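Shared between the two complexes below is subunit A, which has subunit B as its partner in the first and subunit C in the second.
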Partner chain A sequence: MTDVKTPPAEPEAAAQPPTKPIAWPLGLAGVVLAVVGSFLSWSYDDRILGDLSLNFYPGGLQILAIIVAVLALILLLAERGPLTRLGSWLDATLGLRVLGAGLVLYMALVLVAISTDSNGLINVNPGGYVCLVGAVLLAVSAWMLPLRQLRDMSEAKLPGWAEILAIAVLMAAVLFVAAYALGLQDAWSFVLCLIFIAVVAVALFRTGTLTWIGHVSQRHRKVLTLAAFVVAFLFPFTQNGSDANMSIANQVLIFGATAMGLNIVVGLAGLLDLGYIAFLGAGAYTAAVLSNSAFATVGWKPPFLVVMLVGSAVAATFGLIIGTPTLRVSGDYLAIVTLGFGEIFRFSMGNLDGNNGPNLTNGPNGIPGIPDLELFGFNFGDEHTVAGIDLGRFSNYYFLLLVLIGFVILVFARLNDSRIGRGWVAIREDEKAAEAMGVNVFGLKLLAFAIGAFLAGLAGTIKAHQDAAVSPDQYQFIESAFLLAAIVLGGMGTIAGVLLGATILKLLPEKLRFFSEYRLLMFGLLLVLMMRFRPEGLVASRRRQLEFHEEDEQLAVAVEEERLVVEEAK
Partner chain B sequence: MDQFFQQLVNGLTLGSLYALIAVGYTVVYGIVQLINFAHGEVFMIGAFGALTTYLLFFDGKTSVWILPVMIVGAMIASVGTAVLMERVAYRPLRNAPRLAPLITAIGISVFLQEFIRLFYERPGWVVAVFAGLAIALGYFVGSTRTDAHLNHPVSRWYDRAPLLGGAGGAVALWAVLRLSTKDLNVGLIAAAIVGGAIVGTGIGLLAGLAARRQARVRISLQATAASAATAAVASEVGWVIFKELITKPEHNGQPFEWPSAKQRIPFPQLDVVTGKAITIGNVTIQRSAIFTVAALVMCAILLWFFINRTRLGRGMQAVSQDPDTARLMGINVDRIIVVAFALGAVLAAIAGVSQGLQNNNIDFRMGFLAGLKAFTAAVLGGIGNVYGAVVGGLVLGVVEAMATQYIPGQFGGSTWKDVWAFIILILVLVFRPQGLLGARVVDRA
Partner chain C sequence: MTVTDAQRSPARTGQPVLEASGVTMRFGGLLAVNDVNLTVREGEIVGLIGPNGAGKTTFFNCLTGLYKPTGGQVRFAGTPRKPKRPKKRKKGQPIQVEAVPVQPLGALTPLSPKPRAVVRAGMARTFQNIRLFANMTALENVMVGRYCRTSAGALTSVLHGPKFRREEAATRARAQELLEFVGLGRSTEHLARNMPYGDQRRLEIARALATDPKLILLDEPTAGMNPQETRQASDLIFKIRDSGLSVVVIEHDMRFIFNLCDRVLCLVRGEALIEGTPTEVQSDPRVIEAYIGTGEDDDEDDVDVQDAHVQDTTIADEENRS
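The block that comes next holds the complex of A and B.
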C-alpha cells in the first residue's frame, strides 16, 4: 500500500491550457477542405451509394458532409468571428469536437463503403481523400480549442415568434431527414445517413442547443405537440404512393401505440408485465373472429367501431382476470405470472382449432384473409389521390393509426398529470408508503393493468385488419420483450422516449436487412448494455434518472431546479 | 391402473428434470433475491457442452464410459456461462432497482439463444475467447508478481495499464502473426511466444509511461514482463488447441463439420443409458428416465451434504439469512454468490444431458420453456428453499402427466399440458405464495 499516492492537485493553468493560435485557422482550413472535397468526385463507380462520381454536382451523401461542414463553420464563427454573441451561449468547442470526430468517422466509413461495394480503395477518387483530410484537420483543431465558461441556458429567451419558428424549423428538418433516410435503398447509404443524424444530434446536445430546445418546448408545449402531429400527418405525402415505407411506418405506429400502453403499466405504475403482447393479440383475435373473413368463426358481424370496443373490452377483461389475483404478488413474481399468462394465451390460440377445443381461432394457421376496414362508407383498401400525390392502402391505415396513437398519447399524458398518475408514481416508488398515505394501491394497480390492456386491445383490432391475418406465433414472448425493450431503450415513463425506442427497434431491422440475422443477438446485447450503462433510457425523465442514480447529489439538485422551472412556466 | 403408473413414471421423469433446473433458480433467489431468468439458457448450454465434448473426443463411439466425460464437459460449459454472466451482467447491478437485473436477464437469455443458433457451427469465435482468456490470465499472473494493491476500490483502469498493456500487446502480436500464417510449426510457435513476450513488455512499459500521471501505483518491469509472457504462451496454447482439436482437419476420412444449431441436433446415444425400454408389467420405463431420476436422487443427496456439511454450504445458508451479518462474520459474500450460480449451473448441466438422452435431440430454444416450467416448480416448492425446488419439480411433473391423462374432454390432451402448468403457477402464487414447503414468505405487498 505504500505506493498508493494521491495525485498532486492540478494547477489551475493545466485545467485550461493556453489557446493555441493555430487551432482556429486550422479548423477553418478543415471546413474549406471538407466542402471542396464534397464538391469533387468521391467514387469512380457511379452505381454505388447513389452516384458520388460527378465533380461539382454533389450527391446525397456529399450534401450530408457539406451540412456537417457548414454546421462546423457556424460553430467556428461562434468561437471567434461575427457570431461570438452566440458563442457565449453555445458550447462551440464541444460541438466542434463532436462534429470533427463524427465527420472523420463518416468519411472513413464512406471510404470503407466504396471499397467494399466496388473492389478496393482504388475506386476512391481524390474528393473523398480531400474530405477526409479536411475532417481530420477539423477534429484536430477542435481538440486544440479551449473550453469556455458559458451562460445559463435557461436565461436564453428569444421573442415568442422566433421560438415557435425554431420549433417549426426543427420539425421540418425532422420530416425532411426522415423522408430522406427512408428513401435510401441500399444499406450502406442508410447506415451513413444514420451516422450523420447521430453526429448532428450529439453535436446539438453537446453545444447545448437541445437544452435550449427543451426549455423552449417547455414554454410552447402545445405548439410542439401540434407541430409533431402535423409532421407525422404530412409524412405519407413525402412517400409518393410507395407502399414499402408506409408499411414500415404502420408497423412502427402499431408497435409505438402498444408500447405506449405498456408504458402506463411499466413506466408509470412500475408493474413489470412480460405478457403484454397477449392483450394486443386478444384485440387482434377479437377483430379477426368478428370480421368478414372466410375463416372467422363467429357469425356476428358488427360495424368496426363496435368491434373496436368489443376487442378492447375483451382485452381489458383479460387484464382484469389476470390482474385481480396476481397483482397481490409483487415485482419479479408479477413478471413471471404475466409471462405465464402470455404463454397460456399463445398456446390457447394455437389449440382452439376444433380438435383440442372448440373451434374459435383456427389453430396454428390463424385466421387469414381479413378484409380491409370500411368506416363511414370509406374503404381502407382504396387508393386516393390528394393534391397529385397517390395515397395507397397503407397510407389510409397510417392516418387511422395516427389517430390511434394520438389517442393513446393523450390518455397517457392526461393520466400522467392526474391524481391517478401521481398515485401510480407513488406506488412505483414506495408501495408501502403510498398505501400509508391513503393511496388505493390495489385498485390503482388494477386500473393500470386494465387501461394498458384496453389500449393494447384497441391497437390490436386495427392491427388485425392492417395485417389482414392473425396467427398465434405473432404473439410470442419475444414480442413482449421487444415492447419492453422499446420502453427501456427510450426511457420509461416518457412519451418521446418510448416513441423513439419503438421507432429504433422496428425501423432498423426493416431497413438493415443484411443485419436481420444478427438482430436478436444485438437486441439481447443492447438490453444488457443499456441496463449496465444507461438504465434510465435514451430520453430519461429526470425523476427516473434519479431513481437509478440515487447517490448523484448534483442530479438531485438539477431535478429540483427543473421542477421549479416547470412550475414557473405553468 | 397401469395407465396411472405409466403416467406416474412419466411425471416423475419429467419432474426430475424440472427439479434439477429448479434448484438453480431457488439457490440464486435465496441468496440474492434475483430471478435468474437466463437459467434456462444455462441448461441449454449444458446440453450443447455435452454434445460438443462428444463430438470433439468420442465422435461415433457409444460406450457408457463416455457419459461422465460428457457430463463434465456440460458442467464446464454451463458453469462457465453462469459465472461469467454473474460477473459481467448481474454483479454491477446488485444495488440497482429490481427491474434492471430482470431486464438484463431477458437480454442475456435472448443473447445466449441467438449466440448458440448463429455460432455453434462456426467455432471461429473460440479463438477470440482464447485471446480474452489469455489477456485475463496474463493480467492475473502479472498481478500476483506485483505487490501493488490492484483490487483496491480506488484503483482505476490506468493503475492496471502496464499489466493490461503487456498482456494485450502480446496477444496483439499473436493476432497479427496468426492472421498472416495459420500453420503450426515449432519456429512460428516459438516466434509468437518470444516475440509476444518482448513486444508485450514494450507495450506494457509504454502504457505505463502514458498513464504515469494519473496512476496511483507503480508496477515493476518484472510484473509487466510476466504478464506479457504468460499471455503470449496462453494465446499460443489456445491456438494449438483450436487448430488441433476444434477445427479437426478431417474425421473418418471426411472433412469434419459442426452441425448447425438452426435445426434440432441429434444427441449421441450411449450404450446403457439409452436404448430398449424396460417393461415392468405394462409400464414402460425408458432407460434415460432411470438415469434422470437416479441423477436427481444423487444430486439431492450431494446437495444436502454440500449445504449442511461443508464450509461453503454453511456460508451460503448464512448469506441467505442475512447478507450483511454474514459479511461481518468474515464470509466472502461475492464468492458465495458465485458459488450459488455455479451450483445451479452444475445441476442444470446434468439436466441438459438427461434432456438430450431422453429426447434424442437438442435445440437452442429448449431452455426457454424448460426454464419457465422449472421456475414454476421452484415457486411451487417455495422459492428460496432447495428441497422445495426438488419437491416442487416432482409435483409439477406428476401433475402435468396426470393432467394429460385424466382431464376429460377436449382440454385434456398433451397440447394443453403447458397451459395447465402455468395455471398451476398462477394458482400457487395466488393462494400459497410461500409454496408447498414454504420456508420464505413471498413479499406480498
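The block that comes next holds the complex of A and C.
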C-alpha cells in the first residue's frame, strides 16, 4: 500500500493534543530492544517452548516476537519518517497501541510459561527481560502518540495487480501461520501462537488494513475465492506426510461443511434447528449400510456416487418429514421439536438392532470396518507422493472434503443471491408483510430445511468412510449445539464467519487437550460474551448487523454508503 | 368545494374486478364488519372512508385474506388461463414501455382467503403503518414483490441456469422501472429504513405494483404527509389508474378522497352507510353526522367535513392496527 495513487492527505487536523516529543524515539527504542532481546536467549532450559536457549539463533516464538516488532517499526515509520504517506491512510497509533499491549502480554506469558515449565523465574535468560522491557517501552510510547484524522479507506486504490498481489501475500501468510500453529506440539507454544495471531489480527483491524482488505476483496472477489481455495489445497503439502494434523483438518472441514448447511437454515431462513446433527447422521448411516463393510446390513452395494445421492436424499426426506408439520409453528416451538427429532434419531439408531425391530444399524455397536472409498479406480486409503511430499489417507479425504465444502459454499452463496434468498430475507424481516406480498413463506422455510438436510447428508456419506465407522453416540445433542455455536460465534449468514467459527470450535479442543475438560464452560462463557458485546458474530453480515442494531442510525447510514461505493465500483 | 381536477377523467367503467358481497367479520362478540358489499370495476378509484374504528382496515384484511371473513364472499376476476402474449415488435418501432402491463380480465371467481392466493390472483395492498423490509434496499424491496410472478427454483438458482439469469435480469429491470414509475428512480440502493417517510410510502406502492396486480388496495397512503406530498400521492394514484388498474383507497383526508375517487363508500361502525359519487357522499347529512356527531346548527357544508378530518387525522395513528 506504499504507493497510494491519490494525493496524500492534508496535514492533520488542527485541534490535536500536544505531542510529547519523547514518544516517538521511545517507541523506536522499544522496537530495537524487542528485536535485540529476541535474538538473545530467553530460556536456560532448551527443552521447552521449542528451543529458546541459543543466542543469535531465534526459535519460532522469538521469530513471532520479531514479526510483531517489525510491524510496530513499520507503523512507527508511518507515524513519522519515510512512510508518512502510508500513515495518512493507516491509523498507525491505534495499531501501535494494540501491538505494544499485545507484545507485553505475549512476553509476560512467555516468562510465565518458562517459569512454570522449568521450575521458576531463575530459568529465564536476559533476552526475555530485554524483550519485555522493549515491549513495555513500545506500549508506553504508543499511548503518548497522538491520534490522527484519517481519510476514507474506500478511496485507497492501488493498481489491480498490486491489490491481487496483496491478496496473494495475505493468503500465503495465512497458510504459513496455519501450518506453523498446527505444527506446534505443546500447549503453551500453541497458546502463545494464538495470542500472536490475535494481536496481529486486531492490529490490522485497528489500523484499518482489514477494512482496506475488505474493499479489495470486494473488487477482486473471484481472485480472493480462488486464492483461498489454492491455499486450502496446498495445506496438505506443508504437513510432510504427517496424518495427525490432517485428521484434525478433516474434522474441521466436515464440521465446517455441516455448519454451512445449517447456516442456510439458521442464517438465511432464520429458523432455529437444534437437531441438525441427525441429518449428518442420516447420511453417514446410509453410507454405512450401503458400504462394503462386513457389518453392513443391506445387501445393495452401489457405487459411491449413487450412495452420496441416496444418503443426501434420505436426509432431505427426513428434513421434509420433520419440517412439514413443524414449520407451521415458529421460534421456540420449532427449536423444541427439532431437538426432539435429533434425540429420536439417535435412539432409533441405537435400537434398530434386531431386538426391537429390524436389524439395520447394529444398535449401540454401530457399523465398524467401513472400507476406504474408491472413486474412478482411485483408492482413498493409498498413500502417494506428489513432488516429493507424501500424501497419506487423510490427505486424500481432505481433497474430497475440500470439493464438498466448495460445493456447499457455492449452494449457500448462490441461493443467498437469488429470488429464494430475497424471499428468506423478507421472511426474516416481516413474515406477515412477506406473505401479503405473495412470498411462499411455508414453502421457502421447508425448502431451507430440505436443502440444509440434503447438504448435511452429503457430508455424512463422506464422513462415514473417513471415520471408517458409525455409531449412535457420534450424533449427540451437544454436536448440534456446537454447530449452532459455530454459526453464532462466526456470524450468522456469512461464509467466512461460519468457517472461522467452525475452525475455532473444532481446532481449539483438539490442540489444547488440557482445556478439553473445561471446553463447555469456556464456549458457554464465550457465547454469553458474544451475545452481550457482538451479537452479530465475529464476521458480521451487513444485513444481520442491521437487524441486531435496529436503533443504530449511524450504522444504517454507514452500511448504505458502503453499498453505494460498491455499486459505483461495479 | 367543487371537484375541478383537470386530471379527473370520467371512469371507464369496465367489467367488475372485485365483488365483495355480504362480507362479515366477527371477533368474538365484536362485529367489526357487518354485511358490507363493494364492487370495484376496471379502471375505477374507489374511496373507503369512515371514522376511526369503523372497520375499514378490517374490511381490507378480509379482502386480502389476512383475515378469513366469518360471512360473505369475495369474488375476483381471476387470471385468464393464457396470459396475453406480447406482440412482436416491428423493426424501427420504439419499445413501448408499459409500466404496469394489464392483462385481460377473466370471469369473477371466488377468492380463497389466503394472502398468497389473493396476490397471485392480482390484488395487492399496502399497509396503514408502513411494513417495508427495513434492512433491504429499495430495489430489493420491489424485487421481493416480483417473487410471486417468478418461478426460478433452487436448482437453476444454484447452477445459474438460463432461466435464473433471464428471470433475475427481468426482475431487476422491472423493479427499477417501477421505482422510476413511483418517482424513486434515484434511490434504488438506499436502505428502506433510511428513506424519508413519503418515499417509504411510495416504495410500498411500488412493491405492491411489482406483483402485477389488477387491483391495488392502499391503506391511508397519505397519512402523515404534508400538502405537497399529498398532491404527489394523488398524482401517483391517477397515474396508476391511467395505466389500467383499479384502486381502492382508505383515507381520512376528505379533500384528497373527494378529488381522487370515482365512487366513495362510507363505513360506520362496521356497516356500509352510503355508497355513491363523491358529491353524493359529501352532501349526505349522515356522513357528516358520523364524523362530527349529531347536527347542531352547522350548515351542511363540506368545510365541516374538512374540519372533521383535521381532528380525525391526529388520532388516526392510534386506529386499530392490522
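FYI, the second predicted complex is superposed on the first by the 554 of 570 C-alpha atoms of A that agree within 3 Å, B and C clash if a C-alpha of one lies under 4 Å from a C-alpha of the other, contacts with A are read in each partner's own complex, and residues count from 1 in each chain.
FYI, a contact is a pair of C-beta atoms (placed from the backbone, for glycine too) under 8 Å apart; a residue touches a chain by one contact, two chains touch by 3 or more.
Please read these numbers as outputs of a predicted model, since none were measured by experiment.
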Superposed partners subunit B and subunit C on subunit A - clash or fit: fit
Once both complexes are placed on the shared chain, angle at subunit A toward subunit B and subunit C, C-alpha, multiple of 10 degrees: 80
Contacts of A:325 with subunit B and subunit C, given as first, second, both or neither: first
Contacts of A:115 with subunit B and subunit C, given as first, second, both or neither: neither
Touched subunit A residues, subunit B compared with subunit C: B
First, second, both or neither for A:272, with subunit B first and subunit C second: first
Partner chain(s) touched by A:437 [first = subunit B, second = subunit C, both, neither]: second
First, second, both or neither for A:447, with subunit B first and subunit C second: second
Touching partner for A:518 - first (subunit B), second (subunit C), both, neither: first
Which of subunit B and subunit C A:528 touches, first, second, both or neither: first
Touched partner set for A:211, first subunit B, second subunit C, both or neither: neither
Least C-alpha distance (whole Å) that remains between subunit C and subunit B when both complexes are overlaid: 11
Residues of subunit A contacting subunit B in one complex and subunit C in the other: 432, 435, 547
Contact set on subunit C toward subunit A in their complex: 64, 66, 115-116, 119-120, 124-125, 127, 131-137, 140, 143-150, 152, 154, 157-158, 160, 164, 167-168, 171, 189-191, 193-194, 207-208, 211
Residue ranges of subunit A touching subunit C (in the complex, touch as defined): 410-411, 414-415, 418-420, 422-423, 425-426, 429-430, 432-441, 447, 451, 543, 546-547, 550, 553, 556-557, 559-560, 563-564, 567
Residues of subunit B defined as touching subunit A within the complex: 34-35, 89, 92-93, 96-104, 106-115, 118, 148-149, 152, 154, 213-214, 216-218, 368-369, 372, 375-376, 379, 410-411, 413, 415-416, 418-419, 422-423, 425-426, 429-430, 433, 442-445
Complex contact set, residues of subunit A against subunit B: 1, 3-7, 266, 270, 272, 274, 322, 325-326, 328-333, 335-337, 339-341, 343-344, 347-348, 350-351, 355-358, 431-432, 435, 477-478, 481, 484-485, 488, 517-518, 520-521, 523-528, 531-532, 535, 547-548
